[in-house]
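Structures follow.
Both complexes shown next keep chain A, but they swap its partner, so chain B is in the first and chain C is in the second.
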Partner chain A sequence: MKRIWQRVLFAVASCIVGIAVAVAAESSGAVGVPKSTADHSKFKELQREFASGQEVTKACLSCHTEAAKQIHQTQHWKWEVINPQTQQKLGKRHVINNYCTSATSNFKACASCHIGYGMSENFDFASQENVDCLACHDTTGKYTKPSGFAGAPVTKDTEFPPGSGKIIKGTNLTPIAQAVGKTRRQNCGNCHFTGGGGDGVKHGDLDTSLEKPDRDLDVHMAKDGLNFSCATCHKTDAHQVPGSRYAPTGKDGHAALMPGNPDDKGRNVATCQSCHGQAPHKQAKLNDHTDKVACQTCHIPEFARGDVPTKMRWDWSTAGKRDKNGKPLVVKDDDGYDTYLGIKGDFVWGTNVKPDYIWMNGVNKYTLAEDKIEKSAEPIYINKYEGSARDGKSLIWPIKTFTGKQPFDPVNKTLVVTHLAGADDTAFWANLDWEKAVASGMKTAGRPFSGKVDFIETVSQWPITHMVAPKEKALACVECHSRNGRLAAIDGVYIPGRDAKGMLDMLGWGVVLLAFVGSLGHGLMRIVSRRKN
Partner chain B sequence: MSERIYLFKGFERFWHWSQAALIMFMLLTGFEIHGSYALFGFAKAVSYHSFAAWALVGLWVFAIFWHFTTGEWRHYIPTTDKMIAVARFYSSGIFRNEPHPFKPSASNKHNPLQRLTYLGILVFVSPLIWITGWLYLFYNDWAAWGLTNLSLDWVATGHTVGAFLMLAFLVSHLYLATTGHTPLAHIKAMITGWEDVDHGHAPREG
Partner chain C sequence: MRSLLLNALCATVFAFSATTALAADVKMVGVVEKIQLAPDGKSAKATLKDNKSGNSVVLSIGDDETLDKFKDKRIQVGDEIRARFDDAGGNNQSKSFRKTAGC
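What follows is the complex of A and B.
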C-alpha cells in the first residue's frame, strides 16, 4: 500500500517538475508563450525510429528543403577556406597545426566534429543526406558522435574498437529529432570547447567553463546576466557563421551596425564594434584607444580563466615511452592533467594566462604542407598574423602563442601528415612508430615523404576574443602605460608612460639640474658673502 | 630708507598663487604620466592632470582677459633699459651688498630680466604646453580637425619639452624669490601686495 502511494507521489512530483522545466524552456517573456512556432514532436515525419543520422536528415530536408544547399556553402561543411587575402587553401582539411597536427588521414576520429556523416579523403561534398542537422540543432544534449565513426552517431550498442570488449551504447535519435531547436552554446562547444583533443586544449578562450559562466568569466554569456549564446554574436545568415580566425577582422573601424544600413553590407557582425561602435566608453580618454587597441586587449586580461587549463606547449618529440606493462606511459600533474602521454609527448598547461600582444590586420599566413621549411629558421610559424602600426588596418590584439615540437621531413623539408588514429597497424597511437605513421599519413595525403622523420620547433597564434571580463576587471592603465608593461614589445605607437625618450629626458633633467645647481651655488655665495660683510 | 608700495593687485595675487599651485600639481602628475615615477598611479595621474588642465586653461582665460582689459600686459614688453646693470647685479653686486639697480613701481613692476623671462614663458613655454596639451586631450578629434598627419609622438615630445622648461623656470623662480632684501620679502609682497622698495643704499643688517 505504502509503495503505491510513494509511486503516485513520485509521479505527480515528476509531472510538476517536468511541466515547469518545459515551460521554462519553451517560454520567453510572456509566461506560457512558446518561443518557437513549431513543435517538432508533433510532426508525423519525426514520429518514427531512425536507424541512422542520414534518416533523420532526410526527414529534416522533407520540410527544410534548401537547408543542405546552404550548409554546402559553409566552412563548417567544407572544412576548407580560401583565404581571401592570401589565396592560401586553409581549413581543417588542409592545414597542419602543432596540436594533433592534421585531420587528414585521421578523419575517422577527427570527423566526429564534422557537421556531416562519413567524412573521408574521398567524401562527397555534394551529398545532402550526409549533412548532420543534429550536431548543431540538438537541444537534449544526448546527441553524440563518438570518435572512430567518421562523424556518425551510433544508434545500436556497438563494440568499439572491434574485439576490445568495450561497448558504445546506442543513441535513440527519435527524441532528439523531436526536440530540435536553435543552436545552443553546448552545440558549438561540443567541438569548439574541446578542440585539440580535450576541454580547453586549443584556444584558451574557449572551454566548457563557458557553458555556465559567471559574470567575471564572460559578461556576455553569464548565466545570471545577458546569457548570450554563441550565435548572439556569431549571428548566422543562411547557415553561414561569421567570425573566423582564418580570416578575422583586424580592425573593424566602423560605428555600430544599423539594421538596413547599406554601408554595413558585408561587414563582419561578430566584432565588438558591430554592437559597441568606436566610442563605447563614458570616459573620453578611454575612447582615445580604439583606433589602435582592440577591445579584447584591455577587456580580456587573461585567458583560461574558468579553471579549465589550456595547453601552452606540446612536444611530440618525446612521445613513445612505455610503462612497465608495455602500455604507453601516462604522467599526470597534481590536478589530474596529463603532462606526458606515451602517444602524444610532453605538455605544458596554463590557467589565467596573460596573452601576448601583436599588431594584427587579419591576414593569417600559414605554413602549409607544400611549403619548404628550414631547421635553421626555427621556430616555424604554423600560422602568423600580419599587421603593423602603419598599415591602417591593424589593431593591437591579444593572442595565445602556442609552441610545440612536431615531426617533419628533414629531407623534403616539409611539415608532415601523421596517421595517428585508426585500428590499422600504421597508426601512431597503435604502435608508436613515427616512420610508419608518417609514411601512411603522407601517402593518404598524396604527398612525397623521404622516409625520415625529425622534429622541429613550431609556433601557432590564436587570437583571444572570448571570456570578456566585466569592465571593473578590465586591465588597469598602468599594465601598458609603464616601462616594462604588457605592450613593451609593441612598436610604432607612442605610449605615454612607456616611451619617455632617453635623449629628451637627459636633456630635460639636465636643464632642470642646471637651474637647481645654479640657484644653489648662487645662494651659497650669497650666504658666504653676507658673513664676510 | 624704504617705502612701501602696492605692487600686486588682488586678482594678480590670486592668479599667481593658484597658477603656481596648479603648475606644481601638473608637474607632479605630468611626470608621473611621463613614466618618471609612480605616485598616484597612472590612471589617477591622468584624470588629475586632465582636471587640472581645465582649471589652468580657465585661469589663463581670465588672466589674459585681465591683462588686456587693465593694460597690465605692458609689464611684459621687453626693454634693454638697465638690463646690463641688472645682470651685473645678480652676477656680482648682490654678493657685495650693492643696492638693486632696478626700482619697481606700480607702472613698472618687473626688472628687465624678469620682463624677458616672463615674456618667454608667456609667448613660448605656455603656448607650447597649452597647444600640445590641448591636442593631447583631444586626440580623438584630430581627424575631424584635419590633423591627419599629426603624431602623438611629436605632440607628447613638445608637451614634455614645455614641461621641462616650466620646471627649470619654477626652480629658478623659487630661488630668485628669495633674493629680496630679506629672503621672504618678495614672497610676502606677492601675498600682501605690498613691496618694500629701497631708496638709496640702505644696507641690510647682518
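What follows is the complex of A and C.
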C-alpha cells in the first residue's frame, strides 16, 4: 500500500513540475532569450511624441530605408491588381461587389483598412510617409483607424461626426511605435475578419473566432495547438503577401516546398501543398483524390463554424424604411444580428454553412463597372471562377455563394458606384436617396449615369480555405460518394456511389453474375464427380 | 486503505463533473450602462442592459484587450456589446466582449 502512495505522490509531483516548466517556457519565450533582435523602445527616433501617423512612418523609414518602396509594389497599398489571366484591372479601387458595393467614393470610411494615410480618389501612391507601418506591425492592439478619417489614426480627442457630441479618444502613438513587431493575426484580422462591414460578414471562413480558435475550428491556428499566425502560411517576401482570391492558385501540383529548391521560385507559398505535398495521407486511396479534389473540400466541412455568422444574402432594394421617429429602421434577430437596416436593406445570415462546390482553375472573371449587363440575364455574376474537369488546371473547391440585389443603371446597363458613407447630402446613409447617391458615386468614379436606378440580382463567389478542421472531423466518404451528396452538381468526373452508367453497370453486374454461376457450376461438378468416384 | 482511495477518486470525479455541469456559456447583446475598473486596472465590472430581457447583467472582465479598450475609451457607456460569458458560480466571467457595430 505504501508503494501505491509513493507512486501517486511521484506522479502528482511530476505533473506539477512539468506544468511549471511549461508555463515558464511559454511566458519567457525560450529561457529568457528575446524573440526579436531589436527593442524598439530603446531607439532614440521613437522616444518622442507623434502628432500623426506620417511622423511615425518617417521615424521607421530612417532605419528601414527601403520598406516604403517595397510596400508601394503591393496589392495592400495599391488596392489594384491586374489579373494575370484575364488582364482585368481588379482590386478595391476598381471592383464593385454585392456587399457595400464599392470603396470608390467612400474612401473616408473604407480607407480604415488601407495600409496608408489619407486615401482618396487623388491619393499620392508614390508617397513614402503615407505608408502606414503600424497597421500591420502594432503589437499592442491599441492602434485603431476610425471610420471617417480616410485611414488616419486620431491622435487628439475629436468630436466625430462634428456636432454629434461623440468623442473619439485620441491615440498616443508613442508606446505603439515603441512596441512594433512581427505581424500578428489581430493585425490581419482587423480588416480581414471584418470585411463587408462587420465581424464575419464577407468571407465566411474569416472572422474574430480565429483570434483564439480551438483545434476543432482551425487545426493550424489553435491556441492550444500549432498556434499559427496568418503570416505563417501567408509568408511575405519584400512585404508581398502571397495568396489572393483575385487570382488564387486553383491547382498546386508541386511537391512540398524545399529550402533552396530553384523550382520553387515564384510559387504561391500559401497553398496546402506547399507544406503537405501531393500525398499527405497514410491511406493511399485518399491520396488518389488529390489530383481532382482540393484539400479544403474535405477538410473544411462547413464555414462560419466559430459561432460568428456570415452574411449569405444582402438585398439593397428594400433599403430606405424609417421607424416612427423618422430614423432608419433597424430589425434584429434573436441573437442581436441585423436582419434589416434602413440604410442597407435585408440580410440573411448563416452559421455552420455547407459550402457549394465548383471546378476552379484560379481564373476569376469579374463584371466590372464598364461591362454591360442585362436584367434578363439575372443573376449577374460579380465574379465567377472558371474551371472544368478537363482543363488539367482545376480542382473541386468549396466556395461561399453570396447572393444579393443591388442598384444598377437600367439605361446604361451597368453596375453602379454608390456614395454611401459621409455626412453630406448625397451620401445614401445620410439621405436614403438612391438617385442622389448613385449620381454622386458615378461622378466621383468618372462613369456615365443615366439618372435612373433599378435593382438587379447578383452572385459572388468566395473560395473557402480557412477554418481547417482536424483530420478526424474531415468529411466522411459518403458525403460525396452518394446520390445526392455534396458533389451532386459537379460534372465531368465519375464519382463511385454517385454516378450510374447503364451499360457499364450492367456489364459489371453481368460479370458478378457469371462469376457466381461459374463457381456454383464448379461446385456442383465437384460434388457430382465425387459421388461418381 | 483501498476503499479510502476509491472514495477519494469518486469525490474527485463527482467534483469535476459537477463543475462541468454548472459552467455554461451565455451569449447576450446589450448596451453598456456602467464600467467600473479595479484600482489596479487588472479587472473590471461592466454592466450591460440585455436587449432581450431588459435586465441589467454585471460581467467580470479580466482580459487585457478589453481592459485596454475600457481605459482608452474605445468601449464606453452607451456602446452596444455582443458578449459571451461563463455564468458558473454567478461570477459572469466574460469570454468575449465586443462592440456590435460595423461600418
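Keep this in mind: the second predicted complex is superposed on the first by the 472 of 533 C-alpha atoms of A that agree within 3 Å, B and C clash if a C-alpha of one lies under 4 Å from a C-alpha of the other, contacts with A are read in each partner's own complex, and residues count from 1 in each chain.
In the analysis below, a contact is a pair of C-beta atoms (placed from the backbone, for glycine too) under 8 Å apart; a residue touches a chain by one contact, two chains touch by 3 or more.
Only a predicted model underlies this, so the values are computations on that prediction, with no experimental measurement involved.
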Touched chain A residues, chain B compared with chain C: B
Which of chain B and chain C A:D334 touches, first, second, both or neither: second
Chain B versus chain C as contact partner of A:D199, first or second or both or neither: second
Partner chain(s) touched by A:S519 [first = chain B, second = chain C, both, neither]: first
A:K501 touches, of chain B and chain C: first, second, both or neither? first
First (chain B), second (chain C), both or neither touched by A:D218: neither
Contacts of A:C477 with chain B and chain C, given as first, second, both or neither: first
Chain A positions touched by chain B in one structure and by chain C in the second: none
Contact set on chain A toward chain C in their complex: 1, 4, 100, 109-110, 112, 140-142, 144, 147, 167, 169, 171, 194, 197-199, 201, 208, 307, 332, 334-336, 421
Touch list for chain B against partner chain A, complex: 33-36, 38, 41-43, 46-47, 50, 90, 94-97, 139-140, 151-153, 156-157, 160-161, 163-165, 167-169, 171-172, 174-176, 178-179, 204, 206
Complex interface listing, chain C residues touching chain A: 1-2, 5, 27-29, 51-52, 65, 68, 72-74, 82, 84, 98, 100-103
Interfacial residue positions of chain A with respect to chain B in the complex: 279, 284-285, 287-288, 291, 476-478, 481-483, 493-494, 496-501, 504-505, 507-509, 511-512, 514-516, 518-520, 522-523, 525-526, 529-530, 533
